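Which chain is which? They are A, B and C, in the order written, and residues in each are numbered from 1.
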Amino acid sequence: MRIKRVAALAVAAALSVGLAACGGDSDEGTGAGSKSFAAGSTMEKLNKAQKIKIGTKFDQPGFGLKGLSGKPEGFDVEIAKIIVKELGIPEDKIEWVETPSKVREDSIVNGTVDLVAATYTINDKRKERIAFAGPYYEAGQNIMVRKDDSSITGPDSFKDGTKKVCSVVGSTPLEEIKKHVKDVATQVVPFDTYDKCRDALKQGQVDAVTTDNVILLGYIAKDEASFKMAGDNFTKEPYGIGVKKEDAAFRTFINDTLEKAFADGSWKKAWDNTAGKFGATLGNPPTVNRY
Amino acid sequence: MSTGEPLIVLEAVNKWFGPLHVLHDVSLSVGKGEVVVVIGPSGSGKSTLCRTINRLEPIDSGTITFDGRPLPAEGKALARLRSEVGMVFQSFNLFAHKTILENVTLGPVKVRKEKPAAARERALALLDRVGIANQAEKYPAQLSGGQQQRAAIARALAMQPKALLFDEPTSALDPEMVGEVLDVMTSLAREGMTMVVVTHEMGFARHAANRVIFMADGQLVEDAPPAEFFANPRSERARDFLSKILTH
Amino acid sequence: MNVLIDRFDVFAGGFWLTFQICLLAAIGALILGAVVAVLRISPVPPLRAVGTAYVTVFRNMPLTVVMFFAAFGLPALGSNADFLRIPLLDQVFSRLGADLPYFRFALIALVLYTAAFVCEALRSGVNAVPPGQAEAARSLGLTFGQNLRHVVLPQSWKASVVPLGSVIIAMIKNSALVGFFGVAGDLSQSADQLTSAEGYAFIPVAIGISIGYLIMTVPLGALLDRLEKRQAVAR
């Protein structure tokens, strides 16, 4: 009996090695124990478990958008895949969890996800509860206006109290633009989606839509006849990878991985295949902030 | 009592409740000062007949005229006509949120635009007349059934109506209270009030009515002075009906 | 829980705005609801049909859809709902008179939607009055309006108070939607601002928001209970 069981295990192991070998390039070097990590680290645990839960957005074109394939696609998703590969876990073992802005911190703190890559702006307030690796992209808030409107050139155009601007409830850009308007009650229009903002802009109910440049670029790409950007980014929104606050080793690992991706071209490739299609320029890689 | 001049005239009145033919070609004329008692088995249409006269029930065909004018459609004109036709209901229907006095003055003040003081004075006289002046400030629920029905009669009289309709006024009363209500009705009849009374009180029909109408299955079967009707009913149905109620 | 103290201004501002919109919407819905209820019980068939159609439409449509029509349909029809810029009232409720129409749009949506439920609450009260009461009033010669005013409504009020209260309380909670249709800074939106944009933990913020709503709904419920008891004693 004992001998039979050992033999069965050996066959199973051989099969799994064989299967892994058949996985092709992208799964090269995956499987439990395929990489060596410090004992007890998050990396080791994930590698041993051979699965990972990643929070991303399912509704953000270019970054994390769940389409017909049933799996999210976008720049955030590609970055996450680069990290997962470095952990020695095959891509198909990723469990994608939708993390809208509201739940990102809680999802990390509660352990619902192992990491979050979801157009996640690094800021001090958030650092009180979680930690950020990266940044891996520097977005910035910008303003979209109607094509024929030259009266708005930047956030200061809202100072005289007449221009109305739309953004999404609970977003950082909404709070940011509140600082530039004269009267929030009569100038700031919040909706639940950017689509509604776009419609209100097209109808003339508002004069501008403001949020991160990459989102606006998506809308302009779809309707260049109606919309244009008004001026340059006026904030710096460095996108980072959210992890547990106390997990410094995991953060360092991700930072190393990002730097490697910056250097070997996989970072640029990920961009060109996703958000880059909207015509946004990528520029030089940002400097990873190892705080 | 009757002057012979018709006050209420129904001609070929028909009414259906869905498939049910509740009034079947009913024609009837009630003269000024006349007291007409309508009797008949339950479901015979007698209550419906009574309620068509002030158009609480609209009719499907035929004509009804009151004091020479056909009943108008729902609206101000009908409201004016109704104010001239008093109605007393089986279940009293006193306004539950108003005192007895307020019940009696509401019509005169709101419909006739009488001065409240004058309306109040007359209301108190009417309540005295029906024997419940001491109940004026009470609410309906505090009164006995007989007292409530007398208050309802006072309320109807306060509008100084040309005619009074009674829809089974004593049917909801305890037996010991029937008398006090019938007494008031009898005295009204003696004073020459035009009355149409739907009732099962054969005693009242016998000595207060000028005519008795017998209805069955939505049809007006007999129309005769009470002495003649009770002594010698012509139709089989009337004989049958009388034998059933008079043996008890 | 520091967020409750540190960002008290956000909660207070949100509360004040939600309170304003609820107060105005409640007044509007009670008036419109009463009108629709009168239509629904009127003796004139076409008016009844109008009332019934109104209730059918607005009671069965999701509030978000009504809000959407108000926020995007009205401007498409060229209306800025300027008729709601009521002098004096817009001194107290400054957004009523603002150039930006979304406060008015949201108000219109809440009023239209809630009025259907107010109508049904009032009508259930009217139905609770024995039909003999209205018949007696009619037979005295009272007109439809007099009948309602002097006989039916005073008695229906008692049966309407409790369902009406539920309707208004539901409306206060429904008002949380206005923030998603162009009105900046209501109570629910404060939660989104503090959690999503500023990164505060969700639970303490949710507690703060809940307190804000409870401050409005609990006293209203208590007031209605008292009204109901007082009416009961008066009988």
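As a convention for this text, contacts are C-beta pairs under 8 Å (C-beta built on N, C-alpha and C of every residue); 3 or more make two chains touch, one makes a residue touch a chain.
Owing to the predicted nature of the structure, the values given are computational and were not obtained by experimental measurement.
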item: Category of the chain touch graph - line, ring, star, complete, other; value: line
item: Chain nearest the global centroid, as defined over all protein CA atoms shown; value: C
item: Inter-centroid spacing, chain C versus chain A (mean Cα positions, whole Å); value: 41
item: Between chain B and chain C, centroid-to-centroid distance (C-alpha), Å; value: 46
item: Geometric centre distance via CA averages, chain B-chain A, whole Å; value: 84
item: Of all residues in chain C, those that touch chain B in their complex; value: 43-44, 130, 132-133, 135-143, 146, 150-151, 154-155, 235
item: Touching residues on chain B, where the partner in the complex is chain C; value: 54, 56, 74, 76, 79-87, 89, 91, 93-97, 106-107, 110-111, 139, 141, 152, 155-156, 159
item: Contact footprint of chain C on chain A as seen in their complex; value: 100-103, 105-106, 123, 125-126, 128-129, 164, 166, 169-172, 174-175, 184-192, 196, 199-200, 203-205
item: Chain C - residues contacting chain A, complex; value: 71-72, 75-76, 94-95, 98-103, 179-185, 189, 191-193, 195-202
